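Accompanying notes for the structure given below.
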Amino acid sequence: MDIGFLGMGTMGRPMARNLARAGYDVTVWNRSPGKAADVVDYGASEAPDLADVLHKSVVFSSLADDGAFTESVLSAPSLQAAKQGSVHVNLATVSPGKSGEAEAALSERGIFYVAAPVFGRAEVAEAGQLTVLAAGDPGAIDVVAPMLDVIGRRTWRIGEDPAQANVVKILGNYLIANAIQAMAETTTVAEKVGGSPELLMEIMNDSLFPGGVYQGYGAMIAQRRYEPAGFRLPLGLEDVRLALAQAHAVNVGLPFGSVLEDLFLDALAHGQADQDWSAVTEATRRRAGLP
Amino acid sequence: MDIGFLGMGTMGRPMARNLARAGYDVTVWNRSPGKAADVVDYGASEAPDLADVLHKSVVFSSLADDGAFTESVLSAPSLQAAKQGSVHVNLATVSPGKSGEAEAALSERGIFYVAAPVFGRAEVAEAGQLTVLAAGDPGAIDVVAPMLDVIGRRTWRIGEDPAQANVVKILGNYLIANAIQAMAETTTVAEKVGGSPELLMEIMNDSLFPGGVYQGYGAMIAQRRYEPAGFRLPLGLEDVRLALAQAHAVNVGLPFGSVLEDLFLDALAHGQADQDWSAVTEATRRRAGLP
Amino acid sequence: MDIGFLGMGTMGRPMARNLARAGYDVTVWNRSPGKAADVVDYGASEAPDLADVLHKSVVFSSLADDGAFTESVLSAPSLQAAKQGSVHVNLATVSPGKSGEAEAALSERGIFYVAAPVFGRAEVAEAGQLTVLAAGDPGAIDVVAPMLDVIGRRTWRIGEDPAQANVVKILGNYLIANAIQAMAETTTVAEKVGGSPELLMEIMNDSLFPGGVYQGYGAMIAQRRYEPAGFRLPLGLEDVRLALAQAHAVNVGLPFGSVLEDLFLDALAHGQADQDWSAVTEATRRRAGLP
Amino acid sequence: MDIGFLGMGTMGRPMARNLARAGYDVTVWNRSPGKAADVVDYGASEAPDLADVLHKSVVFSSLADDGAFTESVLSAPSLQAAKQGSVHVNLATVSPGKSGEAEAALSERGIFYVAAPVFGRAEVAEAGQLTVLAAGDPGAIDVVAPMLDVIGRRTWRIGEDPAQANVVKILGNYLIANAIQAMAETTTVAEKVGGSPELLMEIMNDSLFPGGVYQGYGAMIAQRRYEPAGFRLPLGLEDVRLALAQAHAVNVGLPFGSVLEDLFLDALAHGQADQDWSAVTEATRRRAGLP
């Protein structure tokens, strides 16, 4: 089956390459060309025009945010060229509202919209081990399921409303942000009382909290190693705000989320925009008078 | 080596039994007698008097809190009978301050004080799979290390100051409380937008957050199954307050901790004292207008 | 001097009437006509068309919010008819960003934009006792100063940037919201310990906190008298959010503001949208288990 | 009537002097002697022994805190000398619990205990313009009412339970702390957007918030003038904690109070212990990246 793939960023590239390597006929496109070399090595072709990609039977997009998705898909004139009955799979973290808007706009043109945000960083994408959260028309998901199996270790079906997949994705990121702050508070206390933040994190990861989130961020926080940024602090703030916006829209206050927002702002007010989002820890440390 | 063991609660009993089963000569004592039947089955003897236990070469205690430890150990007249050079191992979660006080009081009498709080609930204690956090005189820890290996899967050495082990224990419990509230907020949002809290928790546990804390509490929270209480809500509040007190003593504010304290108070104001501490979730749900 | 006046709401009507009574030649307009009877009684005329008002030498507007101001002024085709060198005075609480946009748009057409939000409710407007916060071109403010003196007891000059007047207005409302919550917390404690919230508020108003805010809201809160709403709860939330948005835009966290936002959401989740914003008190009471 | 007066601090001295000036036969005592010169000038005598004061018909005390009151009154051996039917008036800010304890202890000895904490600083005490909050046996309050009228401009009767007067006093101080933080947040935003914190505070005091609290602290905050301290920051933290403790004891969370506690801790972690409690503002400024 012919696949179009939009977006050759740090996540899009490995996902597209894995699809090409699995034998799919993949045509990729990126706003700024020349980013797709290693995907092409695996047999994909790079399209000069967006239209060449948007008329494929299945189109994946992995674009930066709501704005990029609107520009390159929803408002793209070449969307007119899209095939009736084709499936658009949005792998990016967009707001649930944007997914709702996309479904309405695409279904009007006879295109199925599947939201399929993923958990996992670039290395996990390379290894084809992402966790995929798919929501949308069940038949459309059936069509793309084998492809999602190439991209990830497991696909969860979240329901027929695409927005629900985005909600799960946002809440997952929100849980990570909460874990980061919980570790920030505990390591700060540990250091202030003369203990070892690193030992604390090692013990926690070995006993109560196994898994990559506590291990990876725990080590970064304990060692205050925030660069190079795996996920930049302003993006982290954006994710916290997506969770807050979603919650506030249904009259739910998130007290932890509001605390997080303030700590991220504190970090930005102290010039930490280029650090990893786990560097929000420094706000807690500063308030405690640590150097 | 002859071992005394104080406290036949839900944690003390399985730990003492495992020591007896491993062949140690264990004498147990409990304030209200008759709780030690299954320990005696494994060859331990039950002492009628506290003094019979306090003069052993190694004395373990697993008592409810600071107050019980003070009464049955620090202020006990029979402490006079304790052996010079004996080792007292406190397995309970007491405040770091109480550990400091204990070390001072016992070392005056020639007794080594080892703080050895544990991670794990009753089932884990049964299985001898606790995580042990030991701090105190290194030689004294060497003496009791084989016994701690019977009780737990792994012993972490936290240093020479007993209070540091209590700090790690308190911070570990604090991390659990934070994870509970993070799950409370996310499941509340999920339910309000028409999603499935159970599916959300299942996905999180499968992907970002493996391990028993997120799995066990995640399921309890998603299903709102808070009884019977594994750890009662007022005890959870006490643990949060131990963390707050420790942090405040060194001029560290814990914004998440203050939010937690308020939510626990909200739960108590709504008659939830007999529920599991994960039931603090209900405060978040009520505020969101959920039934 | 000929004056146009847009917006015959609870605030606009008394302000326009006071200008007419003072002898100014006032022409009023309201989106839905027939609201200006008592203003006309004092000699004003009601214009059928927006254009009749927008071309006056001085135009005041007192419209509901950013949206209404944009529709009836900034995007109004009849703005073309506006006089070179005329002055537009915006008496409403709009966001600082909207004031910036207005100044840019109007100055392009040769119109001076003065932001002049006011403190005071309808009764205060009736009495011509508002506090006026004026910012914009100093010469333009000089022109309208006598009119502002008719409307209010005192005009503060905030500077040349109109947005600064809106910032002061927003921060003033934010201070009121904070005072409301402080009173909510203290009256809730007073009631829980068997004291009298009313006596507490009376004492505070007589000693530490004179003035209408503590007196008026203090009595409403102590007596739980939230209807009829002087200022509806959702509008209160909007004002808190204006303050949060302004603060966040410059990387300032407002911890009190975030708490307020959550309490307002709690109130909305409990169906309090038609009550006065001081009814946010009920969220604090509910959390404390009060009926 | 013969009056004893304990405590020649900044508040006790002017109150005792006003009583002497009004013609009362006043005998004063202070732990460290020689502080009463100006009171003696007005006809009072200074007693060398605590016992000389404790056996008077009416005894006022104005001591630093719970501890000083316990030491110099409740646990004082010379309390045995106290007169049956005499009245003890405690003018200090003690915890409600301490008042309860005092009433029980003194009534056993046939002494009436009246709690009479006051609002107002030293200058207000000099002028005899304090606000007095009196609670206790109505007959006993009748006896001392003329004296309280000398000390203050107005005496509020809070009821028969002395602790209730302390609750009102604590909640009043808590309202001040809240106003301080509200002003801290608004002045910080004002400064960050290029406005004038001083003008902001002046406008607020002139319009929405008349009275000494907003005027005095508003000016100190806007000018960042925190020394000499009228009320030291650690004492401010103690007052916030009295409110928190009172609220928590009845399962009421105070979200603003928890935020305040953290900000005071932040200030202490940054070496601000000798500044006025309004200097807690600096924590908000630092977080916002202001110098």
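So that you can tell them apart, the chains are marked A, B, C and D in the order they are listed, and the count of residues begins at 1 in each.
Just so it is clear, contacts are C-beta pairs under 8 Å (C-beta built on N, C-alpha and C of every residue); 3 or more make two chains touch, one makes a residue touch a chain.
Computed from a predicted structure; not experimentally measured.
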Touching both chain A and chain D we find B, C
For chain B, which other chain has the most distant CA centre?
-> C
Centre to centre, by mean C-alpha position, how many angstrom separate chain B and chain C?
-> 55
Averaging only over C-alpha atoms, locate the centres of chain A and chain B and give their separation in whole Å.
-> 37
How many angstrom lie between the CA centroids of chain B and chain D, rounded to a whole number?
-> 41
Sequence positions of chain B contacting 2 or more other chains = 251-255, 259, 262-263, 266, 269, 287-289
In their complex, what parts of chain A are in touch with chain C?
-> 248, 251-255, 258-259, 261-263, 265-266, 268-269
Of chain D, residues touching chain C in the complex | 96, 119-120, 131, 133, 154, 156, 158-159, 161, 164, 167-168, 171-172, 174-176, 178-179, 181-183, 185-186, 188-190, 192-195, 199-200, 203-204, 206-213, 243, 246-247, 250-257, 259, 263, 284, 287-289
Residues of chain A that touch chain D when the two form their complex = 255, 262, 266, 269-271, 283, 286-289
